[in-house]
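For reference, the structure is listed below as structure tokens.
Read from first to last, the chains carry the letters A, B, C, D and E; within each, the first residue is number 1.
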């Protein structure tokens, strides 16, 4: 599947044919390749268990802690092979990840959580405050709850905290794993607004794994669809959004437009590109 | 293809019974944080009742109050006509309330099947010695419950993973298993906290179908928290809207949708 | 290619609920049992029986007990040896004070005493968790051993506090040779292992695991935390108590508080961690590892002709290093390694 | 089989490694010397060590492993009460004599009940009796003990409680006040005990300690201003390991011993023939002649003598069976002349064993730490009230015999 | 009841407590950084003390040369531990890490004795372990000069470490690590480096404890047991709090001595082994996270 055209900018992040095995026996990714060009937003779509989170964890080398092994392939970031680096080194090079399932530091207050995000930056007091204010500006709710221990905040607040924490590192590339999960709709829009904003103003690149395909494709430049550990489709976001299959399976629209959830009569009407 | 209104009403009225759970003037605070202030609403038998609201509005806390994890500082909970006093979550489980959690609370080290079987524990009668001997009634009971659990597994279409430890499952499937565990208790009232977070549309469609089917087939009353307005508006009978711990709206989806307070606080304009 | 479950279909839930659902495993277990019951007593040397197999089985039983508490119910405990001591001393006293009591009954009663002590010391577990609980279980360890040293009645006022274990007799049949002792121990351990397996695959076991994995959720589902935890403490202590009695009667030959020191508690803990936390098989593998490894290293060190003081210290270092090594290779213990091995075998000769 | 094989379940790691390495080093050094001198009537001694870590369970495994090795072990010495108890029944069944020099069951002195166990030289009970005798002498006669206060500061375990029957009985007889103060093992903290002692202001403190407890006791005594001269340790509290760690605090401290400190021709011979040949077992040669080392050498001598004695009866130059060695141990008579011939005159008390008396002596000395080394302060061997201890031995062994269904009798 | 005796016991207990705290601090450091109870701390104390006297006895180093040399050795040891043991075990269950530290304890114990032999050594620090004369004269109360010095050393250590933890971003990062290894890695906290540094610092703390305890009791294997004395201190003070260690130490030290003196005789004595544990347990029933430990968050 060679899609790189001559006109495309050189990939900022490129994942080449990676294969991942958990626990020595569970093969999860079966040769996934994808590229994120600089300054672009790339969406990674796919059903539950397709391997989105695994792909992101492979890139950020957080996989090791979960007893996963990359048995094949390589990851390049800014032209440098990064699969042997530690996550700390990656963050320093400008690549941050927001993990799935929130993962806030429960005993730290929201503000302390955010501050740890800036760990690699060695900021002065004023700059730190500025960064904090920026995050609080994005998520006013966090400001209200700044002094509470993260463990005692609501699910959505934790999600915002996790995203804000990653922003504190001022990365040039962010891996977002299901940022909209558990977030109220208007905040979802806000989050994607932030994504767009950062992308435009600060030229930050994004790779986002997202279930909310609708929104994701609206904001993304490019998309990959993952199924069963393989990339089964890729293309411009608009192209994907207009693809009939994608429409049906990921956007919940059949020929006749949106269908009420109440009217779904059958389960598993899923068509598969691969068995 | 929107279902036309009379049809929906007809079905709803046929189905929905008397008030099964009545929450009166509930207030809950944690130290300085007021999670819930003076909230009252009721849940009728057999209905699908949604709770919506912005993040941190107090939705999950509300569920925690209903099933006894938190004890409100003020207010009364009337369950099937009886005021509940000093009930803990065990008591709630005993009285037929099951739930799922926002941050998945599965038993990570156990398999899917075992997780679902734990849901049936209140129905198990054989004593510990019998189980240790795995003999006679104990074994029959175990198998009988296994049959039930397998029904749920079929229902949720998770046959392929029944012997996988849940810790290894992807997020979406974990949510489904959690629903299975709650269903296994055959509850009268099922509390679902964002059951569809982290699912794509197709999966949400399936999930909705499950919820509707449970509601239809077993007559389970469902209280649901969800941020996907499409889902909420489509499947719920009535919706409560919370904001900053206060109730700002209550009614049918259509009423709520057109409530200006709700639009301001939560729905926004689209 | 030979280790396959293909073609083996389960037609009932009963069949699926079997302990060993795969036929090859059942055959292997059958063979192991035959070897254990028939071949070993006949063929193994007295050394093998009395210095390796008997302690292996006894420690496996204790590890099983601890595994129920720590592995299944998630309550980390460092007081295993104390419960073993209670079992041993109680059995001693039952035999001493009730003439003619069958020794197995005395063991069971000893186990029940241990269970009671277990319940008493398990009470704080409702509030205290994790390493805090682990450290507090040391209270059990030190307190019980102290009581046994202080209370003369328990040791029948023996001046030194060391008492010799009585003969093991059942209906006039004396278990006095290594082979007989071995068979008795094997019998007890096999039965109790089976019971443990039954427990962990039925509702009790699930309640323990639920409490372990997430106690709040378990309560919401309808498990009572206190009851479940105390049950785990009771069952675990019962197992440890019986193991302690066997340790005194079938292995050491003496009943003395010193034999049940903190060191022993730790060794049992090593067993379950090396073997596999939350695994019945793991208790056995771990026990084999901890019993055999020092012997093996000792023989090896002597084979190399190293000066003994060097050899002994090297032994200790290698032992420590191997523990770390195994944890790095597989944090879930030998049982998991075994399982992964089997899964690979299932796929073999294909890589995935 | 051409060598006399002896099992040494030893310990060289762990908290008691210091004692273990000295003691087993001494035995092995002496064996090497015997072999260098051509063996016992030509029969060489062979041995194998096995690390027990002072742990009963491992000790039993070691014993079981070694007992059948090289044609079978013919003697065993575990230097651990726990292990000794653990293999007590086994040695009788296997007919492998076990020695327990200065530890283990005191009542095993009765060879009619314990034919294969030899608490050689002396036991805890005799030691306790000897301690009181010494204190009596020091105060100018047993009668002067009346009204005196003696503290028994003990390791709170079977070991520390063992002498209680003797001490209590003697306290009754001689009218001194016995104050029992327990120290929780391992004994690395004794501030409260010593404050209690200071409060009681006793005339003597018997230190029945083991391992780190000893050095801590001495140090804490100093810290609380209690004179070390008034402290009398057991022989497990009377080695260089116990005093060196306490530094200057140990000066003046006294303890029991059954090895008179000093230099002996035998030790020089060891240096010359064994250490010079590079076969010495101690890594640090300055430890030659230290208390534990000498105790090991003593054990070595006793074994060699028992074997020699047995050979005289059962055939010179032959390899003895365990049972034959048992006979040798049971009919040993090492008088001063023999000690002199061995180059160890006065190193340990003369030993004469019988079936009734597997101990063979019961005599001890008192030594004092002068800041650098131990010095014997009783010119003669001290023997306590042996009639009393004998009575206890009889009672206790009779109880054991009844429990085990043994008919007491001398082995043939 | 004799009041001056009471105070003597009390003061003796408080000072012993300080000695326990000295060991407990080492545990706190590691627990803070990884949420793991470091079983090898006792072995490290032993290793440090033995290395220091070993250098003096075998190679004729002076004390002032041996100490820095040992510091270097402890730093190397700490870094090695991180590299070889901890790095491959990131994000594993606590019990696994705990077990690894047990393996480590064996290894270090063996290594120490292999290198320096198993004899008992004496260690003379230039501080005398004799009663302070003026207190003895004035109040007839015995307080050892040595203990007072140890208390001061301990105080300084607590002060410095608490400041480091509360005032620097490293302190915050540590708490983050203890909460969630994986997330800490994700935000770019250099877990490896932090662990390496912390183990090295724990090694230095072990050296201080080893020197003081070694001077007190002799440098011998039993030094590894003082961990058992530090444990109740830890659970009482809270695993995560440096000041907790010292407060816990004082409480445990004083009460165990008072108990031994006033309750002990009634029940046969020797209760110091378990009394502190039972006391700590009772405290825990009221505060399950110890006096100053971080509150355990249990929420669904």
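The working rule: contacts are C-beta pairs under 8 Å (C-beta built on N, C-alpha and C of every residue); 3 or more make two chains touch, one makes a residue touch a chain.
Here's who's who by UniProt: A, B = ATP-binding cassette domain-containing protein; C, E = Branched-chain amino acid ABC transporter permease.
As the structure is a computational prediction, the values presented were derived from the model and not from experiment.
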{"item": "Third chains touching both subunit E and subunit B", "value": "A, C"}
{"item": "Length of the shortest touching-chain route, subunit B through to subunit D", "value": "2"}
{"item": "Pair of chains joined by more contacts [C-beta pairs], A-E or A-B", "value": "A-B"}
{"item": "Reference subunit C; chain at largest CA-centroid distance", "value": "A"}
{"item": "Centre-most chain [mean C-alpha coordinates]", "value": "C"}
{"item": "Centroid distance [mean C-alpha coordinates] between subunit C and subunit A, Å", "value": "46"}
{"item": "Between subunit E and subunit C, distance of the C-alpha-averaged centres to the nearest whole Å", "value": "32"}
{"item": "Inter-centroid spacing, subunit E versus subunit D (mean Cα positions, whole Å)", "value": "36"}
{"item": "Sites on subunit C at which at least two other chains make contact", "value": "142, 146, 149, 214, 216-217, 220, 309, 313, 315-316, 331"}
{"item": "Multi-partner residues of subunit D (each touching 2 or more other chains)", "value": "12-13, 17, 21, 156, 184, 283"}
{"item": "Where subunit B touches two or more other chains at once, by residue number", "value": "69, 101, 103, 105"}
{"item": "Pairs of chains, among all present, that meet the touch criterion", "value": "A-B, A-C, A-E, B-C, B-E, C-D, C-E, D-E"}
{"item": "In the complex with subunit B, residue positions of subunit C that touch it", "value": "12-14, 16-17, 195-196, 198-199, 201-204, 206-207, 209-210, 212-214, 216-224, 231, 278"}
{"item": "Subunit D residues within the subunit E interface of the complex", "value": "12-18, 20-21, 156, 180-186, 188-189, 191-193, 195-196, 198-199, 211-212, 215-216, 219, 222-225, 240-242, 244-247, 249, 283-284, 287"}
{"item": "Subunit E-facing residues of subunit B, complex", "value": "64, 69, 101, 103, 105"}
{"item": "Subunit D-facing residues of subunit E, complex", "value": "2, 5, 8-9, 12-13, 15-16, 109-110, 113, 117-122, 124, 129-131, 136, 142, 144, 146, 216-222, 224-226, 229, 256-258, 260-261, 264-265, 268-274"}
{"item": "Contacting residues of subunit B [partner subunit A, same complex]", "value": "1-3, 30, 33, 53-57, 59-61, 102-104, 157, 168-173, 194, 197-206, 208-209, 212, 227-231, 234-235, 266-268"}
